[in-house]
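Here come two complexes built around subunit A, the first alongside subunit B, the second alongside subunit C.
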Partner chain A sequence: MTGMNPTIVFLLSPFLAALLSPVLVRIMGANAAWLLALIPAGIFAHLLGYVPSVAEGEAATMGVVWAPSLGVNLSYFLDGLSLTFALLISGIGTLIILYAGGYLKGHAQHGRFLAFLFLFMGSMIGVVTADNLIALFIYWELTSITSFLLIGFDHNRMASRRAALQALVVTGGGGLALLAGVVVLHLVTGMNELSLVLNSGDVLRESPFYLLAFWLVIGGAFTKSAQFPFHFWLPNAMEAPTPVSAYLHSATMVKAGVYLLMRMNPVLGDTLVWQTVLPVFGTATLVIGTLLAIRQTDLKLMLAYTTVASLGLLVSLTGFGNEKAIEAAVYYLVAHALFKGALFMVAGLIDHEAGTRDIRALGGLRSAMPLTFAAAALASLSMAGLPPFIGFMAKEEIYAAIARADAWSVAITLFTIIGNALMLVIAAAVAIRPFLGEAKETPKHAHEGPVLMWLGPVVLATLGLVSAIVAHTTNHLFVSPMAGAVAGAEVDAHAAIAFHIGLPLALSVVTIALGIAVFCFLPQARFAMAKVLHRIGWGPDTGFDQFISGLVSLSTLITRFLQNGRMEAYMTTVFLIFGVAIWYGLIRYGEFPEFPQFVTPTFYEAGIFLLAVLGLAAVIYAHDRLTAIVSLGIQGFAVAVIFILFGAPDLSFTQFMVETLSVVILALVMTRLILDKTDHRPFGERFFDTAVALIAGSGFLLLLLAVLQVPFDPALSDFFTAYSRVVAHGRNIVNVIIVDFRGLDTMGEIAVVMIAGLGIIALIRVKARRPRAEAEQ
Partner chain B sequence: MEVYLAILVGIFFTVSIYLLLSKYVIRVLLGVAVLGNAVNLLIFTAGRLTREVPPIIPAGLQVPVDPTANPLPQALILTAIVISFSFFAFLLVLGYRSFQDLHTDDTDSMRFAEPVDEPAPPRGY
Partner chain C sequence: MNTIIFRTVAPYLTALMVVFSVFILLRGHNDPGGGFIGGLIAASAFAIYGIANGVAPVRRALYFHPITLAGFGLFLAACAGLPSILAGVPFLTGLWVFPTVFGVELALSTPLFFDIGVYFVVVGSITAIALGLEDRMEN
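Up next is the complex of A and B:
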């Protein structure tokens, strides 16, 4: 850590923007977006300043000490990986803020929406730049919470609420796994900072806790990045307004899991389990995601399922196990953020201007929305993996990395080809169906959207082209440093858009041919998929409902059992646990008191003990309640006599007074009630209650005997005895303690008595007033 | 000597807990009264016993000459007696009032706050 740094202010500035945006929107309306977008733009510009030094392989760390005793710091770490991510988040964030300004123009909660978006932006930048493990976890959870708020933004709709809750449960659950994971990382390496953990070499891989750390990190990453079988929350999250889908659920947040895997690759990767689990789940997610995408007709849902698929591809590449694959993952990650962000914004534009997102109801929008069409076309070409776009470069790199001769690679390659071909189908459908063909009647009369809204998709789609054309610069400044950080070694990326005749190109051609073939039969393919899914009938989404319903049933059951409304049961539980706890403690730690020595008491002492016991017995066995009350007086007076026998006259007087009063008022109240005379407990219950009382009571006895057998420490008593006269000028030491040394306690005691008295008056007066109130009615 | 008092404390606790486990408010109240004495005797005994010499400094002296009873537990218990009495009085009136409104002192029949047929929580979102 190098102390406070202006960059930290930039990294935290979105939180400030979140505070400002409701106020600004109230003053300026939708135009506040122009002003607010300056904040992410400022972050982007500031971070660009780090690009040259990071490209040279330097990493910057900075931060402030937070809770040093816990090893928690607010520290940041900028290397190739985190810088590229942070640039994507702030850059796309700028465009999204503008887009959101136009999209929700006039919405009553526009300011709140922008505030949520900024909160998310700050959290997400934190996730990718955090150096401290705990800070990483906190930011990670903040993205889950802000995602919850944004998905549930339209909280009047049940579907929104369900989707929001689902996303929170799935990603929040994964977050808990991650917390456990970072604790394991910390315990194994002894480090708190990621930058240090990453330099720990093989410590983690050789640790017996490697598998534990691996699965916990996977649990966090797979839920966040919607890997099968946790993919279902992401399409449901499309309930959110489109700016959220474009930003959180395609370009940034869902990539947090991929970020985590990439980040951990140098220390957790390069093992058999890593190179098996990641490609298997990633490829499964890729294929399942694209198959489910084919089935959809809603533009946003089609895109959402391809996002799931793309995340699968990224996970698979990260775990494939060679540097080339990592390089390909980096290309694809950047390409995907650009084209998918653009396409989501396009989908939102179409929805906003034409009033529907159903591709069956859309057509011929090209002349009404030329700019949108241009952006959609450019982004789709990149998504389809056609030259000269960055998507093409990414795909070439992917095939170059995974097309190997062994059976494992062949299988992965085959599935990847299928996934990529289907991805091309969706890209074509999204770009062609709404824009080309005959113009269709849409719910709204379509025309080009406002500049706030088309700016984002146009810029992102163009960047997909530009970054490929200046491939040399892209490689040098972004891809090589990022791939180097992921691989943990220097990487020199040199992909270009120029054709290289070879296996990758051949596979690309196969992919394109397959994709075009499927596209021609898209309606049939959709119908077939729908039929298959109908046949299966159950999915993790239904499973989630069953899980929640089961959870509610279970907690109802437990609540009904524990909080059953019977005071008797509560009391039994309390005292049983109390007794068992004392006994268990004594047995477990061998603290049983030794058998005590009995000395003969004087006859009056013995007599008074006997009297107390008789009083107690009479309370229990009394045949009517009045006898019980009088017997209560007997044991109370016996206690008072015990006090006076052992040198406590003050206690004795008070006890006499209090016992007398208790018996008198108890008798007064009881005679006013018409009550059953005796205890009705049936024998079994009586036996059980006696057992509980004996366990707890004997526990107290043993505890007291154990206490009496340790040496007595008279320090406090000696202090009061020594200073009672000298300092407080009183001869009755007990009184001096009460009114002087512990005077404040006594004031508290008086307050308690007063409050109890007020309570009693209130209780009685409530009753007195009721008949009058009823009479008035 | 403490042993006898310890046994007495055990008996006090057992009786008080047995009474507290009853369904009837009035017996629970008796249990509360006994519990107060049980706790006070526990503190008293834990502070060790001295026969018949109260912690009072003879006139004209700065400190007592002979060993006296331990003053600290006495001060604690004096506070405790008063508080447990006001607590007892409040509970008594509460029980009395609940009997007037609910016409029973059987806690099993007092289901006003936690009704027996409470509906299950909703399953939706």
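Up next is the complex of A and C:
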């Protein structure tokens, strides 16, 4: 740790931007986006400065001490993996801010939206650069919370709120697993910082807690990265405004899980369970994601399901178990961030300008929106894995990595081919259907969007081409260091767009042929999928609703049982548990008090005791409730007098007041409750209540006697007697304790008194309103 | 409870009790008393006034809603802990000054203000409850 460092300021600057954006938008309107975009652009430029040194294999750590006693620091770690991620997040973030500036222009909550985006950006950059395990978790949860705000931005719509809540429940639940996971990592390795954990070698793999750590980390990663069967929240999150989808589902939020797996690969990877679970779930997610994508007609939903599929592919590659596969994953990750970001923005542009996202209603937009069409075409070609785009390089690398002779690899390869072919179908559908063919009448008269909006997709789509053309530089500066960080060993990536005749190319050709074949029958395929899904009927999305409604019913049931609203039940429970607990302790440990030695009381003491007993008898035999309440007061006053006789004036004073007030208040309450004047519980109930009262009362008597027979430890009273006058300038020790020695306790107590008062006022008012409302009817 | 004697005596009794409660509050540091007890006395004073003459006159006399008084008390108690920041000692540490006013030495301290805060919380909360219940009795 090198202390405060300008980089830390850059990494935290999005949070500042979140504060500024509402103000700036109010002053400058949509043009504030140009100014605000300078912040992520600045982060991007600053981080670029690290690229040369990281490419040489160096990693930078920096940070500030936060809570050293807990081992929690705000520390950051920049190696190939985190740097590439941070560059993608800040770079695409810059374009997204501009895009959002145009997309929500004139929206009443434009500033709030940008603020949420910045909060999310800051959290996401934190996730990929955090070094401290707890800091990583905090940033991770921040992304869940901020994405909740973003997805639910349009909070007047039910679907939006449901999607936001669903994303929060799924990713937040995974976050809890991750918290447990980082605790296990810490306990096993004894380290707090990721950079140190990563150097711990085989400690984790050899630990008996390996499987625990593995499943907990997987729980965090799979929920965040929408792996089957947790994939359902991602398409639902399309309820968010398009800039959110373009950002969260291309380079950021959903990639956090992939980041975590890649990050942990050097210490958790290279085991049988890792190399089984990741490819199995990843491939399943890939195939299911693409199949579900075929079914959709909404541009955003089609893209969302292919994002699920792409994430599956990335997870599968990360766990495949050779360095080549990791290299392929890195290529694909970069390619996906570029083309998916561009395509989502294209979908938003079409929606914004044409008024619909349904591909069946779109067509022939190429002349109206030429720039958008160009961006869509370039990005789709990359997504389809055609040369000369980075998507092609990624696909070649994937096939080169996984096409092996054993049965396992063949199976994975087959499914990957199917997934990639269907991905090509979607890419073609997104790029061709809205733009080519004859022009269709759209809800809005389509024309090219504002520069704020087409800038992003054009830049990202072009980058997908440029990065492939300058493949050598891309490999050296980004892919090799990142793959090296994931593999935990030096990697020299050297993919290029030149054709190498061989198995990978052959598989690519098969993929493309299969894709084109399916594309020709897309409507039929869609219909078939819809039929299959209808046949199955149930899905995890429905399951989520069932889970939530089940949870609500269960908690209702428990609440109804515990809070049944009957005062007698509460009192009986409290006193019964109270009495049984005392009696159990006395019996279990044989600590019954000895029979006490009675001192003959003076006549006035005896008189007071008699008064107390008479008061109690009066309570029991009183004819009506009011008499009983007042009789209780007699007993209370007698006790107060006893306090005076035994030298506790403060206590006695308070007792007098409390008794007076409780009699007054009880009487007031009783007069308001609609009760019979007399108590007419049936005999059985009376008997039971008497038994409870006797158990509790006798238990307490025995406990008091037992306590009095323990030798008295005068340490505390000596302390207060000695210091009350000297230190706190007061002779009344009780009061000095209350307001000085234990002032903080008193503060808590008076807060409770006040809250109780507020609560009672509320209760009185609720009850009071009811008869009036009835009277009005 | 609506006897003429009670209704005639109640205002005087209330005034007497409130004065007495302040006396109990202030002497609390050295003799039996303090904010809690003082607050309870004052609260019973208002309750008695309310029972005798109705809630409206009590509310008028108090001017503020009783729960507001409780809030003020809590605020005052918390503020009494703040001067310790200036002195560089932990929150709520008692600080004392002994200025001489008109030839009499006064003992002013942060615990005194804290105790006054306690007094207000107790008066406010209990009075609010009692008056709330009495309100309903009248309707």
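We take it that the second predicted complex is superposed on the first by the 577 of 777 C-alpha atoms of A that agree within 3 Å, B and C clash if a C-alpha of one lies under 4 Å from a C-alpha of the other, contacts with A are read in each partner's own complex, and residues count from 1 in each chain.
Criterion: a residue touches a chain if its C-beta (ideal position, glycine included) is under 8 Å from a C-beta of that chain, and two chains touch if they have at least 3 such contacts.
All values reported here derive from a predicted model rather than from experimental measurement.
By the touch criterion defined above, A:Ala41 lies against neither subunit B nor subunit C after alignment on the C-alpha atoms of chain A.
Once chain A of one complex is fitted onto chain A of the other, the partner contacts of A:Gly647 are limited to subunit B, with no touch recorded for subunit C. By the touch criterion stated above, A:Ala751 is placed in contact with subunit C alone, subunit B being left untouched. Of the two partner chains placed by superposition, subunit B and subunit C are both touched by A:Asn732.
In the superposition on chain A, A:Ala612 contacts subunit B only, with no contact to subunit C.
Contacts of A:Ile760 after superposition: both subunit B and subunit C are touched.
More residues of subunit A are touched by B (comparison of subunit B with subunit C).
Residue contacts after overlaying the shared chain place A:Ala696 against subunit B, while subunit C stays out of touching range. Across the superposed pair, subunit B and subunit C both touch subunit A at residues 649-650, 654, 658, 661, 665, 669, 672, 731-732, 734, 738, 746, 753, 756-757, 760, 764, 767.
Those residues of subunit A whose C-beta lies close enough to touch subunit C in the complex are 649-650, 653-654, 657-658, 660-661, 664-665, 668-669, 671-672, 728-732, 734-736, 738-740, 743-744, 746-747, 750-751, 753-754, 756-758, 760-761, 764-765, 767-768. Those residues of subunit C that touch subunit A in the complex are listed here as 24, 28-37, 40-41, 43-44, 47-48, 51, 67, 70-71, 73-74, 77-78, 81, 91-92, 94, 96, 107, 109, 111-112, 114-115, 117-118, 121-122, 124-126, 128-130, 132-137, 139.
Across the complex, subunit A meets subunit B through its residues 158, 161-162, 165, 548-549, 552-553, 556, 563-568, 571-572, 575, 596-599, 601, 605, 609, 612-613, 616-617, 619-620, 625, 628-629, 632, 635-636, 639, 642-643, 645-651, 654-655, 658, 661-662, 665-666, 669-670, 672-673, 675-676, 679-681, 689-690, 692-694, 696-698, 700-701, 704-705, 707-708, 712, 714, 716-717, 720-722, 724-726, 731-734, 737-738, 742, 745-746, 749, 752-753, 756-757, 759-760, 763-764, 766-767. Those residues of subunit B whose C-beta lies close enough to touch subunit A in the complex are 1-15, 17-24, 26-30, 33-34, 37-38, 40-42, 44-59, 61-64, 68-72, 74-75, 77-79, 81-83, 85-90, 92-97, 99-100, 105, 107-108, 110-111, 113-116, 120-121, 123-125.
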